[in-house]
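Let me begin by presenting the structure, written as structure tokens, before commenting on it.
Lettered A, B, C and D in written order, each chain numbered from 1.
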Amino acid sequence: MDLVKHLYPEDMVLQAMPDASPTRWHLAHTTWFFEEFVLKQFANGFKPHHPQYGYHFNSYYEAVGERWPRSERGLLSRPTCQEVVDYRQQTEERVGVLGSTLSDQAWAEAAKVIELGLHHEEQHQELLCTDIKAAFGLNPLFPKAFPLPGDKAADDPQAHAAANERWVNFAGGLHEIGYAGSDFHFDNEGPQHRIWVQDFAVHGTPVTNGQFRDFLDDGGYQTPALWLSNGWAWVHESSITKPLYWHEIDGVWFEFSLHGLIPLRDDRILSHVSAYEAMAYAEWAKARLPREHELEIALGQSSSDEGQFLDPDGFLHPHLAGRDQGLGSAYGTVWDWTQSAYTAYPGYYAPAGAIGEYNGKFMSSQLVLKGGSCVTPPGHVRSTYRNFFPPGARWQFTGIRLARDL
Amino acid sequence: MDLVKHLYPEDMVLQAMPDASPTRWHLAHTTWFFEEFVLKQFANGFKPHHPQYGYHFNSYYEAVGERWPRSERGLLSRPTCQEVVDYRQQTEERVGVLGSTLSDQAWAEAAKVIELGLHHEEQHQELLCTDIKAAFGLNPLFPKAFPLPGDKAADDPQAHAAANERWVNFAGGLHEIGYAGSDFHFDNEGPQHRIWVQDFAVHGTPVTNGQFRDFLDDGGYQTPALWLSNGWAWVHESSITKPLYWHEIDGVWFEFSLHGLIPLRDDRILSHVSAYEAMAYAEWAKARLPREHELEIALGQSSSDEGQFLDPDGFLHPHLAGRDQGLGSAYGTVWDWTQSAYTAYPGYYAPAGAIGEYNGKFMSSQLVLKGGSCVTPPGHVRSTYRNFFPPGARWQFTGIRLARDL
Amino acid sequence: MDLVKHLYPEDMVLQAMPDASPTRWHLAHTTWFFEEFVLKQFANGFKPHHPQYGYHFNSYYEAVGERWPRSERGLLSRPTCQEVVDYRQQTEERVGVLGSTLSDQAWAEAAKVIELGLHHEEQHQELLCTDIKAAFGLNPLFPKAFPLPGDKAADDPQAHAAANERWVNFAGGLHEIGYAGSDFHFDNEGPQHRIWVQDFAVHGTPVTNGQFRDFLDDGGYQTPALWLSNGWAWVHESSITKPLYWHEIDGVWFEFSLHGLIPLRDDRILSHVSAYEAMAYAEWAKARLPREHELEIALGQSSSDEGQFLDPDGFLHPHLAGRDQGLGSAYGTVWDWTQSAYTAYPGYYAPAGAIGEYNGKFMSSQLVLKGGSCVTPPGHVRSTYRNFFPPGARWQFTGIRLARDL
Amino acid sequence: MDLVKHLYPEDMVLQAMPDASPTRWHLAHTTWFFEEFVLKQFANGFKPHHPQYGYHFNSYYEAVGERWPRSERGLLSRPTCQEVVDYRQQTEERVGVLGSTLSDQAWAEAAKVIELGLHHEEQHQELLCTDIKAAFGLNPLFPKAFPLPGDKAADDPQAHAAANERWVNFAGGLHEIGYAGSDFHFDNEGPQHRIWVQDFAVHGTPVTNGQFRDFLDDGGYQTPALWLSNGWAWVHESSITKPLYWHEIDGVWFEFSLHGLIPLRDDRILSHVSAYEAMAYAEWAKARLPREHELEIALGQSSSDEGQFLDPDGFLHPHLAGRDQGLGSAYGTVWDWTQSAYTAYPGYYAPAGAIGEYNGKFMSSQLVLKGGSCVTPPGHVRSTYRNFFPPGARWQFTGIRLARDL
């Protein structure tokens, strides 16, 4: 609820495009997840909060039943925002008292689903931010979703001095990839398995706005040889000439942020580019995108506690972290596109039932992203985490980290 | 403002389809009309209320400049509803004091545009009702835009007893068609001109729900011989099997109204059908749709003060008026589709400038409708008034009145 | 068959767009009309030529049964052209011997349908020409459907000297409109009825290429005030900047003709414009398009035997006829767009059965055209004939004739 | 030319869908490849055969210049088939005499491009077959592209007895993947590199029609849990209920072949399914699709000389080869879908210039297929060959081979 404290009800029903959901839908859907998969399965004498909410707020779980079409979520103004807040509070209370009514064994089972539900809600906290950004980004008034904080990151050029030309080398050979422990992780992070890796290097910082402007000024968007065939078609069909939120107004460049329109600073980290743009940039820069397992190995040697993760009162925009060693800004700045298709690890099978639809069924025509962005909840990501989006998606905080063979 | 008193801010930004506009847009656009065409032209030292509102709230006036795309009006959550209310109040005040600052001649000119603006706003009052109905009609919760009044019309079957099989005959010959007086009227209602008319009859009441159910039960929607070629294509492409707001739930028929879902009563007047459905019904009933001038002649012999016009506290749904003579329910129930294309009267030329875009430029592929509906503001319609919509439009309160040759 | 003598089999299966049909389809469909409506109804022991041809070659007759989709006629390469020629010959023979096997009364009935079939085939002769023009007009090689004849019309500038600024006046009052005699005419040409007409003038010649270039050079395609709302949307969605077959190559203007690419001569009659372009031009020229009945009255005072009608060895392209009196080039040059929607005359009812689908069911969203073009078969048109196309259609030989009030 | 000897000119201009090209286009494009990349680069005093053919017959080479849109190849009837045959003959002659005019070094370079052009033409021989099948498969007359041969494969049930439930095991560990030799191979087959593989099994024969009918009869197409999210959307949007060329006519199943409609035999190999269908079938059969490198390893242990490769006089339809050991029908029956996205091998960089567009730019949203089909030219495939298509493609001879972990 902290994330929406600056929004009006008008804002919360807005759906910018089929991929993005209204704020109010996120608030209700994450609650529905607890109602459907926890209360309905475990609570004695379960009755739904409202008979229609299951239909309204199911996202994509075929096993659970019919649902309102995803692309038309912006056509529903009821239930109102207040009714959704009530739904959240009452469901939270019902989950809160569940433990005292269950046997130890039932509670252990329920607790696992509750833990999944909490991680699910963390994922939607990030989507809530990117979706309201998409909604406000269309409006010529450039509304602010969050007030601009007065912190150093937002306005101090000194904070950005650390960007440099630094490649970090990693040794190949046989590596173990995937999650092996017993702590919480998503099913698609396993099973752990061996993989043969060649020596490689990853750049220490993601590409900056200034670096990408060089690509743009060099005619990158007009040079077919830099693009994949699908990417070139996408550039033309969508009339793409710049990153999603860049605006040139009377000869001056700005970028739209969750804090409204701000000047485009060359020393900030580039965000909101598609994988096609990332690949074309890499081709232009005579490098390549990293492979999924390369970034997992590299991230395994970085620490995740120094990022600029989601903070409702912070600067919700990518910037350099100023770290000198290893992969600066590896976590908590932008998601790094990889060239790796999102597919099942050897030995992976999706769990049976609705929960099995969580990750497995999306293993087609999507690419893996690694790391985490400035609106990723802290503690949510880890080196084995596999984010995935289609190559043309741009409304997430997606950036470019270069790699090369050694 | 009286029309929106039961709505939430969430409701007021919703756009059900490209043809329908959000409530808040109607509130702002009708105010913009006064700002653009009155204040900007006549007020000394004019400054716009907000530099972006002209772009936001221009509907289709090419001569005035660029505008936000019509089909994306639902993508704007700002300015907020409260900001639009402020815009209305301040603009009203500015127009209110305008007279005292102008010469008599300038004021006479301004007053003519103000009168046009008031009629313009009356048209949008009707659209506001039909557009919020379209928005709520999509929601499985079937919200109410207005509470159901406890009046006789809403629930008393006695009020509907007057429907009967009654044709009213009219004599042909040379008739004068179009507006001739000096009172307010739209440009497209003139010039008055002569037309030769054959003897004809018009039915005393529009088609009822019960009569249309007979057509439906007789397989009307599955019989190509009843339909125009374009209509038959429309039925198939849009998968049409019943009027827009009819719902069959567990074997019982309902219709969606501005008061939520109500039982489908056979003795209520049919509404929300396209011209294609109207023509197919007429073919099935071995009659035809009236021509534009036939209804103008017929309406000229009815009085307009007994209809069920727009009343924010009334029953906003078509029903029989119970009149025994002439054309019962000729005004204030449903708009009657005609078979006549909307074109210029002989001698009509659109005025120069932006005001000339009001009516003239829509004279292509639309049909004229006559009369007025239960959400038409009282006093707004007259026999010469020419409403027009494309033949496939259904979200207005459009009904069927049969005609035949004598 | 004479019309296709210069085509290759490759050409005859080509469908340029959904509205245009392959040459081979026209040859087969006109034959199918005789098989379905003559032989099947009247011939003893009727057997179809091929069990699938009815499905292949029915155009739009719902009463006859299912048919191959119109927009996919170019996806059928079989039956081959030779098989279609065989189909034509054998069907002709079967119709030829039909008379000797029927009673007088049956033959009288059959003869009426045969007469309709012949007129139907004449209509398709025109469509065959315009459809192959559409197909060849897309090809950068600009193939010729007919060799360019060496006649005066094609290359002698003297033939074009007669264009001048001449308006022809007509007196209004009560007029009889529609066909009244017993000779062949289409059902939609009647019944004859009275209409009150105001005095009007029609221009003696259709608009020339040179006149339309003035409109183009004056920014006509970029001036929204000249266009209907639908027309302006059409210009933008279809990126229209000139008549359909005009090409500017290295600064020189050409137009594509059935004889390949030829220089664009200012003194030739303009063709291949939509009704939207015609209306915008008329607005620019401070005139208007004629009404349907105005042209019928004007045509009634012209003779139809001096046009440049369809002649497989002639110059199949609009040019001035050089007549000094009345409406020069009224027949046999271009079809004149009118501003009148195509609707039923008072008292018109479509005949029952499949033949009733011939004209009646298209009375929606189309405009009437009058006169006849250089590829209209001679004797096919008359003053009461009503051609009709949607306002955006351009692949017919459609031109502009101005009218004005007196 | 042998492949088109049974076709009519009408057939050769037909484009069934945007992905499929007309026969005549294949004949001309493969010739253009020699003209553009051999003659233009190496021949003294080069002049193009025709100035427009480069524009007409370039497929997708951006570096070479503009080209006619792929989806509109069926809109060109000129040059005629005979003109294309002439183009082929004359170009062949010009290439034939090229060697005698060049230095040894120039000839060595030219010979490498000629070799590429020959392999390019072999690829188009396969496409020519699948594209004419797509064209004829739409026609209710079900034309034959090739006469049905009287051989054993086409009609002898004994030939199909070898299908059985046989899994073939393969040992994992470090394997070398990719082409290493100096013989001809495509750029995307290298560089050779090491990969760590887990033990796996591949089924000895691809799935048969009968096995897939069990899936269909078990409701496979109606069970969302079996499908990827994209696959389920594809099934619904495209209304998919069976493999591409299956037809149920009066309760009897047939499949459309290059020899026309033939009975659907349970013991024939299934073909013309998408990767989505393949994955759903594998899920239903409690197995999975193989990975690209697994099939390369398995194919490396099969011989390619026993397949049913493209033979213009043979049976051009998948059937069992009757081999008892190893992977029967591994080559020359159907292409096996893999679950592996088509991406660059470590160290792969596309060559500079137009030739570099051959393979590299398609590495997005496509899956690799391995093996080869009954219309693949003999000698064209090898274990390292990487075919690729989007997951929804069905018009190639694509089948299902199951794999599983050990």
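Please note the rule applied: contacts are C-beta pairs under 8 Å (C-beta built on N, C-alpha and C of every residue); 3 or more make two chains touch, one makes a residue touch a chain.
Just so it is clear, the structure is predicted and the values come from calculations on it, not from any experiment.
**Q** What is the minimum number of touch steps required to go from subunit B to subunit D?
**A** Between subunit B and subunit D, the shortest chain-hopping route counts 2.
**Q** What chain lies farthest away from subunit D once each centre is taken as the mean of the Cα atoms?
**A** B
**Q** With centres defined as the mean C-alpha position, give me the subunit A-subunit D separation in Å.
**A** 37
**Q** What is the distance, in whole Å, between the centres of subunit A and subunit B, each centre taken as the mean of its C-alpha atoms?
**A** 46
**Q** Go ahead and note the Å separation of the Cα centroids belonging to subunit A and subunit C.
**A** 58
**Q** Which residues of subunit B are in contact with two or more other chains?
**A** Residues of subunit B never touch two or more of the other chains.
**Q** Name the graph shape formed by the protein chains and their touching pairs; answer line, ring, star, complete or other.
**A** Its topology is that of a ring.
**Q** Name the touching chain pairs, please: which are they?
**A** Here the touching pairs of chains are A-B, A-D, B-C, C-D.
**Q** Once bound in the complex, which stretches of subunit C touch subunit B?
**A** Its residues touching subunit B are 60, 62-63, 174, 193-196, 198, 224-225, 227-232, 276, 288, 339-341, 343-344, 346-347, 356-357, 361-365, 391, 405.
**Q** What does subunit C use to touch subunit D in their complex?
**A** 8-14, 16, 24, 52, 55-56, 68, 72, 74-81, 135-136, 138-141, 143
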